[in-house]
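So, here come the structures, one by one.
Okay, so subunit A shows up in both of these, paired with subunit B first and subunit C after.
Right, the complex of A and B next:
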């Protein structure tokens, strides 16, 4: 897995590429914790290049979102599609996260 | 195949099962589901099967013509992962926990899942039927 970050005017866009699984999930959590500690509060996570996700991946997405929520931050997911979306849907996570069809749309939704 | 039940071996077991699923001709969507179910079962063994030290996981792939079969075994204490309760998938973000989601995926992403205890092993058998999507 690779993680790239891009600072936009009102949010940090985090692009994850490859697999978010039991091996790579801790890397995502560590990176997000660093960004949150660095005072970033609004995030868009771009799933366009993510090929695979398991419950370990969902666990860190959830823990990061909870941490942000207690700090008054926001997180939105963009481009959750195909087989990755299926995992979101059967877990019920599709309904608890804010989802948008593109990063551009997600950016307009950041309050 | 068999290997040490450690998280670092996830790539190894994934590669083994993906190659077998490709030889069988499992379609992409079904194969993805099989690999997620595999991860959940394998990580469960890594996390819980051997509380007192190291142990192995054993994997076998096969087919009955119509379906891709995957068996994942460990030599830990008798434990049926399928006996775990279903998670509540309707809670909101702050109340939601991820516990139980792994077995939920094992159930939902396979066409059938069964457990047996045999020769001192816990054996989880998962069946993935050849998808008929797109077939007229």
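Right, the complex of A and C next:
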């Protein structure tokens, strides 16, 4: 898995490439915690290049989102498609998170 | 007609046939199926002493094949054999291939032998090839000539040793239709074959051979529709299996994934199926993780080519517990994914092990 970050005017765009699974989930959590601790408050996570997600991946998405919420921040997901979307739908995550079809749309939605 | 008792055959210390006991009655068509290397052809070749058995007895119409006084060549005329590789004489014409045995072994006149041979060539649809040489024939035609030559000796029993294995798929049916016709006419036959549909509709009885034994036998319906033993079932359903053992909570997920992917690739499973399978396995391992310091986990993945089903069996030792019991799980995320990917989930306690059997949904 690779994580890239891009600072935009009103949010940090986090792009995940590859797999978010039991092996890589701690890496995502660590990176997000660093970003949250570094005072970033608004995030867009771009799933365009994510091929695979398991429940281990879902758990860290949830835990980081909760942590962000306690700090008054917000998070949106973009480009959740294919097999990743199926896992979101199975687990009910599709209804929990704010999701948009592209990063550009998500950026316009950030308050 | 054929009575075999405790037949065995060893090559040095390797036992190809361990203990074969069987009777074949007049007019019976018996197909012998099973994986390669389990002694099917050796069994057939032992029957007419092309291979010398290491033990046991063979009686053909009451005559002891292993008695030194028995006229084996005479019995071979009565119990003739058709080989995978045809074994025609390449320097003789088709007609001569048929007449030579009749003239030399049965003492027939050349004219009578030729008339009878032409009749037999008509029977197998090759009268117009009487003057051709084997090299001018297709594989299917060669095998039909070999069957006609076998019939020329007026056998009472024919042993077929994989008669279509050396043929292109397009030529298999022409040979099988000749054998079907012989079956309809009441010829006693023992047929080693890999053509399952053929074995199913031509036979009165099917022998499944494995481990040098007649592992299971029955009517075609019993063997093909309701096999009782595990290896027969695996063979009939063309099941391919893959095993993986997890010994510690620090297992290498990616190494295991690579092996599962290689197995799926071998079975030519679609990309989506592979993805779902890897997800299912990962979710299960997450759930099994708390148990792994104290027990190892055996995963068996079985793909049935015939049914196009994928089954995953997880077995672990230790206390009797269904790891998917939701009261034992910290959350139900993994279980939701597993329930969505599996068509059926069954937990059983078998031989002091927890066995979880999951059948994957078809895409």
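The rule is short, and it goes like this: the second predicted complex is superposed on the first by the 111 of 111 C-alpha atoms of A that agree within 3 Å, B and C clash if a C-alpha of one lies under 4 Å from a C-alpha of the other, contacts with A are read in each partner's own complex, and residues count from 1 in each chain.
One rule holds for everything that comes next: a contact is a pair of C-beta atoms (placed from the backbone, for glycine too) under 8 Å apart; a residue touches a chain by one contact, two chains touch by 3 or more.
This is a predicted model, so every value here is computed, not measured.
Superposition model on subunit A: subunit B and subunit C are shown in a clashing arrangement. Of the two partner chains, neither subunit B nor subunit C is touched by A:31.
Of the two partner chains, subunit B and subunit C are each touched by A:83. Contacts of A:67 after superposition: neither subunit B nor subunit C is touched.
Once the two complexes are overlaid on the shared chain, A:91 sits against subunit B and subunit C alike. In the superposition on chain A, A:59 contacts both subunit B and subunit C.
For subunit A, the partner that touches more of its residues is B, with subunit B and subunit C as the two candidates.
When both complexes are overlaid on chain A, the residue A:22 reaches subunit B and subunit C alike.
In the superposition on the C-alpha atoms of chain A, the part of subunit A touched by subunit B in one complex and by subunit C in the other spans residues 21-23, 52, 54-56, 58-59, 83, 87, 90-92.
Partner subunit B is touched in their complex by these residues of subunit A: 21-23, 52-56, 58-59, 62, 65-66, 69, 83, 86-87, 90-93, 95-97.
Across the interface of their complex, subunit C is touched by residues 21-23, 52, 54-56, 58-59, 83, 87, 90-92 of subunit A. Residues of subunit B that touch subunit A in their complex: 7-8, 10-11, 28-29, 32-33, 35-36, 39-40, 43, 46, 87, 89-94, 96, 98, 101-102, 104-105, 108-109.
On the subunit C side of its complex with subunit A, the touching residues are 253-254, 272, 275, 278-279, 282-283, 285-286, 331, 333-334, 336-337, 340.
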